[in-house]
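First comes the structure, then the notes that go with it.
Chains here go by letter, A, B, C and D, matching the order in which they are written, and residues are numbered from 1 within each.
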Amino acid sequence: MSVFAPRDPSYAARVRDSFARQGIMGLIGARLTRIEPGLVEIAVPYRKDLSQQHGFFHAGVTGTIADSAGGYAAYTLFPEDSSVLTTEYKINLLAPADGRMLRALGRVVRSGRTLSVCEVDVFVERDDGTERLCARMLQTLITLHGRADDRTGRAG
Amino acid sequence: MSVFAPRDPSYAARVRDSFARQGIMGLIGARLTRIEPGLVEIAVPYRKDLSQQHGFFHAGVTGTIADSAGGYAAYTLFPEDSSVLTTEYKINLLAPADGRMLRALGRVVRSGRTLSVCEVDVFVERDDGTERLCARMLQTLITLHGRADDRTGRAG
Amino acid sequence: MSVFAPRDPSYAARVRDSFARQGIMGLIGARLTRIEPGLVEIAVPYRKDLSQQHGFFHAGVTGTIADSAGGYAAYTLFPEDSSVLTTEYKINLLAPADGRMLRALGRVVRSGRTLSVCEVDVFVERDDGTERLCARMLQTLITLHGRADDRTGRAG
Amino acid sequence: MSVFAPRDPSYAARVRDSFARQGIMGLIGARLTRIEPGLVEIAVPYRKDLSQQHGFFHAGVTGTIADSAGGYAAYTLFPEDSSVLTTEYKINLLAPADGRMLRALGRVVRSGRTLSVCEVDVFVERDDGTERLCARMLQTLITLHGRADDRTGRAG
């Protein structure tokens, strides 16, 4: 992994503002736990209403926090007047997400002018406190230049 | 697409029961709208707390209902005493999920003894009533034989 | 699938020229068998030196012709003064590629100014003449504007 | 990454034998350059007949050696009387494969009884001798138990 230099010194505030506008993060109880150049971590504690049919975290929750962790990891390296959208991602579910906490660690693999590629590891904290890699995501993001994140999007 | 014959005549009830145990579906307000052999559809009306930072449906919601639609499409063709888990999926976000309803239509591409492959189209119903393809998923599922769906999983 | 209108009437000649510059296509004996707006087909007859360890077509050959079929399907809809590069693809191998001919049919799902998404089906023609879907690819392509295909690239 | 213990002490010979039966590896001039428990590397020198339309290595060559590097990395950990097949893979092309040598380094992420997941990095050695990450693959493999690799497959 390279070391990345952010182009906008206020990258962390920019990520926090955008995260706060993601309604879904409030709904599922997710929190931003790390913001560094090229790296963002999001965690969510277990609740029964986040489950799939066997009571584990639903793959959709895993995918949701992984997608945001990767997207914001890329976004830390974007210029100020820009916005980020996910183009596509692929996720391998490596082990059941059976535990009390889910943690997605997104890291930039390549940061280009138009496209960025991130990798995200998702860990589940078991009831006994040990952690286990439960998913890996490989993701492509696109930079929307000249469209600040809080001026893009749906009215209301 | 082939025509598929279910091995378990009670496949629809089995899908409905399993869906009802997915806590996340209640949380986001998703509904099962079609169950046929090799095909399942799930829809979710827009709410602000399902949004990403621009107010559109979050890709995680798209991924969540697409993953369940594909998983249950595969599950309609499984034997009675079995369970389904997602191995991996890849999703392309083709257009912003900007509208009042999201609808994921999952279809089986290949149904094998151990592995199944599904394709899922996600449509967004715009505010003017028109529909638009906003995502496509390609997904791999695994059959857990001899483990009925309601006897697998997390205690409590 | 939508019906697509090419922006450059000489799209087929442009695809043929580019294909002829792909050294790998000559090496493996691949032929362009269909070129239509938003659709390209490539076929390759079986040879022992295209095999994996069990004597079937190697997944790399499947991936190679599928990648070019999808890439050129997208390219049929590009403007004249442009070039195409694959950003990423995902391929599911649905059945052993065991037969005398492999045929990749690439189709555009979405054609955007910067990014295109294609889906490719690969069929294997068995020794008894029947055909079978053996792979499906979902692929993202990028348009390089202002860089004609024959003026991009490696010297020599 | 975990450290992996092979179940079959003759894993390296098993990989070499299987590789030698992959006709495509001879055709493109690929060589096995590392075999360790859970890790395999394959390299291929540049030739004009491995190129895409701009003269770089074709993504299909990148995909071919990456697929085999990941598949054999998984296979080092399989029991003696087994065979390996790729279920699916996803590859991101991060930079043009423009150089004199391509090197795919496959590593096991998860080794399960039925399914394994590998990650493969592909590096291109530029003409000036420097190396650059040009692709990353995330791949799912399946173990065929009770079917030794040299007794599976196509007659003749």
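Here is the rule we use: a residue touches a chain if its C-beta (ideal position, glycine included) is under 8 Å from a C-beta of that chain, and two chains touch if they have at least 3 such contacts.
The structure displayed is predicted, hence computed values, not measured ones.
Chains that count as touching both subunit A and subunit D, per the definition above, are B, C.
Taking each chain's centre as the mean of its CA atoms, B is the chain most distant from subunit D.
With each centre defined as the average position of its C-alpha atoms, the distance from subunit B to subunit C rounds to 29 Å.
The geometric centre of subunit A is 22 Å away from that of subunit B, both derived from CA atoms.
Rounded to whole angstrom, the centroid-to-centroid distance between subunit B and subunit D, based on C-alpha atoms, equals 33 Å.
Shared interface positions of subunit D, defined as residues touching 2 or more other chains, are 87-88, 90, 92, 117, 140.
Residues 90, 92, 94-95, 109-110, 117, 119, 133, 136, 138, 140 of subunit B are the ones touching subunit C in the complex.
Taken together, the subunit D residues at the contact with subunit C in this complex read 18-19, 21-24, 26-28, 47-56, 58-61, 63-65, 67-68, 83, 85-93, 96, 98, 149-150, 152-156. For subunit D in complex with subunit B, the residues that touch the partner chain are 87-88, 90, 114-115, 117, 140, 142.
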